[in-house]
Every structure is written in structure tokens, then in C-alpha cells.
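Some structures to go through are shown next.
First subunit A sits with subunit B, and in the next complex the same chain sits with subunit C.
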Partner chain A sequence: MRFFLELALSGLAVGAVYGLVAMGFAVIYKATGLVNFAQGELTMIIAYIAWTIQTNLTGNVAVVTVGALGAALLLGLAIERVVMRPMLGEPVFATVMVTIALAVILRSSINFIWDAYPHGLDLGVGRSVVRAGAVGIRTGQIAVVATLLAMLAGFTLFFRYSRFGIAMRAVAADDRTALLMGVSTGRVHAAAWAASAVISGIAGIFFAVSYDLSPTMFQLGLKSFPATILGGLDAVIGSGLGGVIIGVAENLAGGYLGSGTKEVAGFVLIIVILMVRPFGLFGQRDIERV
Partner chain B sequence: MRNTLAAAALACAAGTMSFGALAAEQGVTDTEILLGSVIPLTGPPALLGVAHTTGVKVAIAEANNAGGVKGRKLRLVMDDDGYVSARTLQSTRKLIDVDKVFAIPGHSGSGQVVAAMPVLEKSGIPTIASVGPVKAIYDPPRPNVFAVGSSYEDGIRALVRYLGDRNPGKTWGIITQDDDYGVAVRDGFDTVQKEKKLNVVLSATYKRGQQDFSSEMARLKESGAEVFLAGGIISENIAMVKEMEKLSIKPVTGIFWPGRVEAILKLMGPASDGLYAVDYVEPFGSPAGQAFMEKAKPLVSEAEFKGINRYTMAGYAGARVLIEAIKRCGRELTWACTNAEMARTKDLETGVMAPIGFGPNSRFTDSRLQIMQADFATLSYKPVQ
Partner chain C sequence: MIAAGLPSRGQPVPSAAPAPLLEFRNVRVVYDKAIEAVRDVSLSVPERGVVALLGSNGAGKSTLLKAMSGLLYTEEGVLEGGSIRFRGAEIQALAPDELVRSGIVQVPEGRRVFAALTVDENLAMGGFTKSGSSARAKLERVFELFPRLAERRGQVAGYMSGGEQQMLAIGRALMSEPVVLALDEPSLGLAPLVIDRIYGVIARLRDEFGLTVLLVEQNAQRALDVADHGYILENGRVVLDGPADRLAGNEDVREFYLGVSREGEKSLRDVKHYKRRKRWLS
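Now for the complex of A and B:
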């Protein structure tokens, strides 16, 4: 039982990080119909910005978090305005290639701006281990699970009750009709990119606190993309839950079935689920597959 | 007889190449000798590439401060291969054909040198491989390619033998990467496991680039392993050690030299205290290591000094071999002479590893290994008896 709990709790924690990054994918897809292949790189850049604030200004957790997420907001808006908006109306393939190019640029910028060494994001919190019997978990891991739950609840309310959330759903459903109804699609796109960068930034900060910061961190995007496919590309809440499912499944597989299965467990799950529900667990039937 | 024939063949090859080199000794002027380095300077492998280049720079600055080599100053140009073999090949060609360097004191990782070998061998340019010496680089011996260091298999064997002797009858766990590096580690481990009949209770692999090791380490705990070989490189070993701390287990743990970078001890935290490692270059906690740091400090920039790690020593030692050979050739500098003089290198003291030597039929230093242990209080490794 202890072994199972250790695997499940760790899986839940890493799954929560995947879930947050996956929500970032879904927010952009829902508003723009575009898969952003630079999501993992965005996550990494924001974590590095947090580390820069921590090492050069202050290690105060509130200042670092607000500073890094503020930077995420600006970065998301800048990418949308400078890189993505000129691509409006261009073929999807070209737009997706632009996000791939963006990913390469952001990835390479780590070495130009920072360095290749791993670093620890020390905010004075999140690293201590809480023990319940023989099972231990870091406080940062508990916090990321709690944050994911809060984000899921927040987004549910946002999409259901807020004016802007309904506008986003309208753009996602039919952007031309939404435009005719007075919804500013430009503003919706900008807000989606900003929100997506902030959500990814939260994931990046939690990951850097619990694990470490290194130039390979962008691979979180690769691990989280299956989560958003599993939950549904257009389902923000579903993508968050998809991350948790993938995290727990790969940890249980790695623990009980052994080496090699950890990497494929999530993908096996996706194949099985997509065979039954091709639009994902929580996705809408009429979405365009990428 | 076979050795004599091989030596004769090498001598003939070196002689043949000297005709090509005589036409014009590229990269050499009355006042300067141009050297070139192909190394990863971007991406995660820059951790080793940048540090290695700093070592080469220390050796060059040291020689230049002493008046240069027979009146000629040494200058280094670098090309970033990103640790991608296809780019290594391009960079090697560029250094030889476009930059026209005289010699290559630092070539990229093991797989990259092997990929560029046909170009290096055909050109005859004096080359040092001191990042990851593997058999394919020095066996069969080429006239112009010299490997400095020790083999991965020998390194792992030395570490596992040491830990096995210190912990008789204990249970073992091993986790390795699923690539050629992991295979080399596992091969070395398997040899000693059979030899000493080690009781292995966990044997696992992980995918390169993996960041979360919670399931692997939970399995380690469940297996009850008392001695553990962490076969990761940098981030992987950090993650494994931190996970062990979380799970409240502390088996006797050994790591291999690609991950023996002092800076990561801080990231591992107190759990890193007592980690065993094996290496052929001196730990910075030893008198020799401290002497090297003092030597390097005035010769490189502050940022370069901050980034010094074990690869800096490897780069320094390799560059010293080349520079000493160039010195012995004097003003009449040719590739043939430099290659021949490098082959004649014997007991060269670099201060960062055991004395270096090659031979007429040997292009590998096969350097002496030493076991060391991490000291978290000083964030350094110290040699153990």
C-alpha cells in the first residue's frame, strides 16, 4: 500500500504540472484554433525569469511569483502581437511552423541569456518534505496539486459566468459570427496568449521549485501535449485533468511494470481513449484534429 | 611483431601525410599559430563544452604569457557543434578548410569525434579528443588523433569494484540511461557484477532527458538496495538523489565522472554528502585541484572561471599535450612533426591528472583513475584512499 501511495502521490504532483501546461495548450487552441508548439519553452523561460529575480533581486516568494507571472503576461501579449497576429488568415500549417520556430528561438535563448547549468529555484518554501506515515511528499508538490484544482475551478466559473469567458467560447465556436456579434477576436486572442503564458509560468515555477531548472525543461511541453490530446484539445478543464491522468498512469506503470513502460504508458492510454472518444475525454465532437 | 608492423605502418602514414602538409603549414605565420576547437557551446551539453574550452584557453594563455611558442603566439577559434554529429562534421571541415587552423586541441564528444574521424584522418591534422574517449577513437590508432582520459568501462569497473569491496554481501541497485552512454555504464557494471557475484535487486533504465524519477526511486526503496549506482549525467543524478531524500533512503551511492560537477552538489543538497565518484582528473578538493584553480584565475574571465568544472581540467591536459609537442617542433612546424612529437609524449606532468604518455602504437593515455567522495560542507570532492 505504501508503494502504491508513493507512486500515486508523486504521479499526482507531476501530473498537476503536466495539467497546467496542458491547460496552456488548450486555452490557445480554444481561442485561436492553433496548437502552440512553444508551450514547453514558454514554461521554461518563465521559470528562468523567476530564477533571475530570485538570484538578483529577492528570494521573497510573493515578489518572485508576481514578477515572473507579470513577465509571462507581457511575453504572452508580445508573442501574440508581434509574431502571431501577422499570421492571421495564413494557412494553419504556416502558423504552426511559426510556433515551432518560436520554440527553437526560446530554447536557444537559455544559453544566450543564462547558461547550461542546472539551477535550483530557492524561494524558501516548497522543498520541505511532509510525511504521512511512511509516505513523504514535498510541500511544493502539494501546492501544485492545490493550484491545479483552484485553476480548474476558476476556469470553470470563468467560462460559464464571465462575459469574457463566454466571448472566448463564442470565438472558439465560430469566430466570424462572434465578430459580427461585436466580440473583438483580437482581444480574445491576446487574452488567450497572455493567460496561456501565465498558466505555463505557474507550472514552470512549481516544477523548478520541486525539481530543478535546466535547459531540458522545455520537454515538459512534450510530456504535456498528450495530456491535452487526452483531455480534449479544446477542453481547458479536460486538459488539466488529462495531465493528472497521464502523470499518475506513467508513475504506476513505471513502478509496477518496470523500465520503459513509464514513457509509453501515457501514449497507450491516449490510443485506447481516442479509439473510443476521438475528440478526447472532454473535447467537443466537431473539433478539427491536428 | 604485430606491434612493430603497426608502428611501421603508422610511421609510413605520418610520413606520407607530411608531403601534403609540407606545401604550406596552414594556420602558422611568423607570429601566430591558429588553433581550432569543435565543441558544444549551446544547449545542455554546453555545460561540458564551455568548461572544456576554458581549459584549452588556460593552457593557451599560460603558453602565451611565457612568450608563446618559439616566438609565435597561440590563438584559438571555436566552432559550436551543439553536440550534434552532423554539425561536428561541418565544423571540422570548416576549421580545416576555411579557418585553416593548424591543430585541434579540443574536439567534441565521443560520438561526434567518431563521426568526424574520416575527415580528421584524411586531413592528418593534429587532433586531441579529451571530452569522451571511447575505443573507436583510439583503436585502431590513427597517426593524428590522440585521446586523453580513461574509458567509460574502466571507470565504472573501478568504481563498482571499490564499492563492492567496501560493502561485501550488500544488495545493489543500478539505474542507467537508455543510450550508448548507459550501455557503456552497464557493460562496466555487468563485468564486475559477474566477477564479484554482486546481488543486484534492482536494474532499471530511463529515457534520456527524463526529469521525474519518482517511480524509479520508489522501486529502489521497495527493492531494499543498499548500494546504488546512479547512472545519470547531471540533472538526472540531482533528481535521483533528491528523490532518495524525499523517500528517506540513503544507500551507498556512486556516480560517474560525466556528472561529477561540483556545482551540482549544492542542488542535490545535504543528501549529496558522501556520494562516491570516480574520475581520472583531480578533484578540486585536492591540493592539485586547488593549484589548478589558482593557476586558472588570472588567465580567464570571471564568467569562465565561475564555469570551471572537471571538463576544464580535461581540456587543459589535452591542450598541454599539443602545445608541448608544438614546442618541441620549434620554428619548423609541420603536422607530421607535431603528430610524431605527440606520439613521443611520455610522462608529461599537467598537474590535473596522472602523467600523460602515448607511444608509437598507442593513441590513448588510459589515465590512472581515482575514487573520490563528495563533501557537502565544502561543496567539493575529496580523494579517498
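Now for the complex of A and C:
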């Protein structure tokens, strides 16, 4: 039982990181109808920016977080404005290729700007262990799960009640008619990219604090994309939950079936679930537009 | 310089009538740099008037509305000549949201309600450009016009009937407090009783709300009943225009658009055959 709980809890924590990145995918897909294949790279860059602030300026957790997330916001806006907006109206295939190119560029920029060695992001928090009965869990892991829950709640309220949230759903459903309502789709796209970069940035910082920073961190995107598919590409909330499901499944498989199965467990789960619900657990539409 | 009182060809002749609220002047629209959808079309819509724009499929009616709403670019369309004026100022270069803000709003063809959103959320989107504080009064007006919507506020729009969706689409447009409301085929695919109700509302919009209405229709009978003035578009050109009652009495209009022929009932096949041979005014 204790073994199970420990596996499940640490799975929950890593799943929360996947969930946050997956929400980043879903926010962009929902607003623009595009899969951003640079999501994992975006996550990694923000973590590196946090590390740069920590090593060069201050290790104060608030300063590092605000600084890195501010940079994420700007990076998201910049990518939308410089790279994605000129592609507006071009075929989806071409636009998705642009995000793949962006992924490669961002990935390599780690080696140009920083280096290829792993680093620890030490903000002085998140590494102490809390004991609950027989199982121990790190405070950073608790925090990432709490953050995911807060994000899920926040996005639920945002999409349900805020004007801009409803507008994002309207743009996703029928962008031309949304234009007729006076919704500026450009502004919605920009907001989606900014929000997505910030959510990914949060995931990146948590991941770097709990584990380590390295040029292979972009693989978080590869792990989280299935979570988005699982939850439903257009379902922001569902994607967050999809991340948790994959994280837990992965950990349990690794613990009980041998560590070799850890990498594939999530994907096996996805194949099974997509056979039953091809648009994801919480998705609304068919995902033909990809 | 052109001598005063001698307008050049193609220029609208100045008249004693007050300047129209909305005006299309010699508009030419080309899609994909190749297909000329609208050629040299001039229309004027006076304040508080109801103007009907009639014509068959592909005549260019919807293209004109897209030009008016700034949506041509979404279909690779370009306004290559002429201008569109609202209160005397050229508006063809404005973005869609700026046009909505200035009071030019359209109810698109096929209703296009946001299917996954509720009635309330659809209406909220209609009022996107307006502040939230005035929303309640506007909602009440919409519900007064369409009591049916009030009963279905929480319902997802995609599951409503065609008539209800048309009501929602009109109500949604009203939420932005339009000055000019353009309706693209509001009777499309609806039952006669429902069409009656929609047209009843269109008349009220002018009489009680003081709106200016540009009505695009294939259903010429209905449109000419409510309109003051009508234009008939064919192959991207205006082939006939005039006061609505005179158009409704015009022999050719009666034959082609109202299905009434000179010698009693004729089969539709004859009408179509005749139409192929005859060209209007050219």
C-alpha cells in the first residue's frame, strides 16, 4: 500500500507538470486551431531563463518566478506577432511546420545561449520532505499539484464567465462570425499565446526545481502532447486532467511492471482511450482540423 | 477639373435628397485576383430605411455584405474599386471590429450561431464591443422582441430549431446596438409561419428601434413587402432598382422573382428557360 501511494503521489506531481504543459497546448489549439509543436521547447526556455535569473541576480523565489513568467509572457506575444501572425490564413499544414521549425530553433538556442550540462534550479524551496503517515512527499510536488488545481479552477471560471473567455470559445467555434461580433481574433490569438507560454513556464520552473534543468527538458512537450490528446485537444481543463492520468499511469507501470514500461505506459493508455473516444476524454469536436 | 453640374460618368448624380447613411459607390470586388464577384455596384441606404437587395445565388449579394463588414480578406477578396461610405466617410479600410463599433452589424447567412455556446453566451458575444453595464437593458429588449429566447437562456444554441437560431442571430446582432443592421437571407430554410414572425420583427426594428436595415434576400416577395426600396443584382451588377412597390409590380420581377407570370401560372421550368435567354437591361 505504501509503495502504491508513493508511486501514485509522485506520479501525481509529475502528471501535474504534464498537465500544465498540456493546458498550454490546448489553450493555443482552442484559440487558433493549431498544435504548437514548440510547447516543450517553450517550457524549457522559460526554465533556463529562471535559472539565469537565479544564478546571476538573486535566488529569491518570488523575483525568479515573476521575472521568468514575465519573460514567458513577452516571448509568447513575440512569437505570435513575429512568427505566427504572418502565417494567418495559410494552410494549417504550413503553419504547423512553422511551429516545428520554431521548436528546433528554440531547442538549439539552449546550446548557443547556455550550455549542454544539467543544472539544478535552487530557489531554496520545494525540496524539503513532508511526511504524511508512512509516505513522504516534497513540498515542491505538493505545490505543483496545487498550482494545477488552481489553474484548472481559474480556467473553468475564465471560460465560463469572463467576456474574453467566452470570446475565446467563440473564436474557436467560428472565427469569422466572431469577427462579425467585433471580436478581434488577432487579440485573442495573442492572448492565447501569452497565456500558453506562461502556463508552460510555470510547469518548467516546477520541473526544474523538482528535478533538473537540461537540454533534454523539451521532451516534456512530447510527454504532455499525449495528455492533451487524451483530454481532448480543445479541452483546456481536460488536458490538465489528462496530464495527471498519464503521470500516474506512467509511475504505476514503472513501479509494478518494470521501469522499461514507464515510457510506453502513457501511450498504451492513449491508444486504448482514443479507440473508445477518438476526440479525447473531454474533447467536444472531432479533431479533423489538425 | 470637371465643371460643376456636369458629373462624370459613373459618378452618382447629386440630388436634393439627404445624403444616405450607408452608400456603396461603384464597388468592384475581385476574389483570388481572378474572379470578379461584384462589378460597379452603387447602392444607397437612407437613414431609417429598409433596403432590399435581391438576386439569385451567386449574384454578389453576400459579397457586398462581406465588403461592408470588412470580411473580404478572409476569403481572398479585395475591393478593387469604388468605396463604401458610412455617414459620408469611407469605411472600406476599417477592420471588422471597428465597423461593429461604429454601428454596422450583420446577421450572417445561415445564422451562424455559436453552436456550443448557450443562448446567454451568444448574446454576450453580440455585445462584445459594448460595456457590460448596459447589457441588462439590451438583454431585456431582445427578450421582449423574442420571448422564446428568454425561455431558453441556458440552452446550448446548436440544439435549437432553425427559427430559434435565426431569432438568436438577430438578437445577438442587436446586442451591439447597431445603426445599420444587415440581414443575409433571414428567411432561408424557415417555415412560413416563422418567416412571418422574423419579418414582423424586422418591421419593428425600423419602426420602434429606428434602425436602418439592409435586407439581402432570395425571397423577393417577403423582402419587397417590408422594404422601401429595392435593388436587383444579377451576375455581380445591379440590373434594376426602384421603390419596393414599383419593383413588386414590375413585369420581369414578377416573373423571375415572384413566380407570377403574365398569363396565369407557368411552370418553373419555363421561367428558368426564359431567364437563360433574356438578359436584363444590357
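Just so we're on the same page, the second predicted complex is superposed on the first by the 285 of 290 C-alpha atoms of A that agree within 3 Å, B and C clash if a C-alpha of one lies under 4 Å from a C-alpha of the other, contacts with A are read in each partner's own complex, and residues count from 1 in each chain.
Assume contacts are C-beta pairs under 8 Å (C-beta built on N, C-alpha and C of every residue); 3 or more make two chains touch, one makes a residue touch a chain.
It should be emphasised that the depicted structure is a prediction, and the values quoted were computed from it without experimental measurement.
Once chain A of one complex is fitted onto chain A of the other, the partner contacts of A:180 are limited to subunit C, with no touch recorded for subunit B. In the superposition on chain A, A:251 makes contact with subunit B only, while subunit C stays out of contact range. Contact with subunit B, but none with subunit C, is seen for A:262 once the two complexes are overlaid on the shared chain.
Considering which of subunit B and subunit C touches more of subunit A, the answer is B.
When the two structures are aligned on the shared chain, A:89 is found in touch with subunit C, with no touch to subunit B. By the touch criterion defined above, A:137 reaches subunit B but does not reach subunit C. Once the two complexes are overlaid on the shared chain, A:169 sits against subunit C while remaining clear of subunit B. Shared-chain residue A:118: touches subunit B; no touch with subunit C.
Contact residues on subunit B toward subunit A in their complex (touch as defined above): 41-47, 50, 178, 204-207, 209-212, 214-216, 218-219, 221-222, 234-235, 238-239, 242, 245-248, 263-264, 266-267, 307.
By the touch criterion given at the top, residues 3, 6-7, 10-11, 13-14, 108, 111-112, 115-120, 129, 131, 134, 136-138, 207, 211-212, 214-217, 219-220, 250-255, 258-260, 262-263 of subunit A touch subunit B in their complex.
Residues 89, 163, 166-167, 169-170, 173-174, 176-184, 284 of subunit A are the ones that touch subunit C when the two sit in their complex.
Every residue of subunit C that touches subunit A in the complex is listed here, in rising order: 69-71, 73-74, 95-97, 99-101, 105-106, 108, 112, 114-117, 121, 124-126, 128-129, 132, 172, 176.
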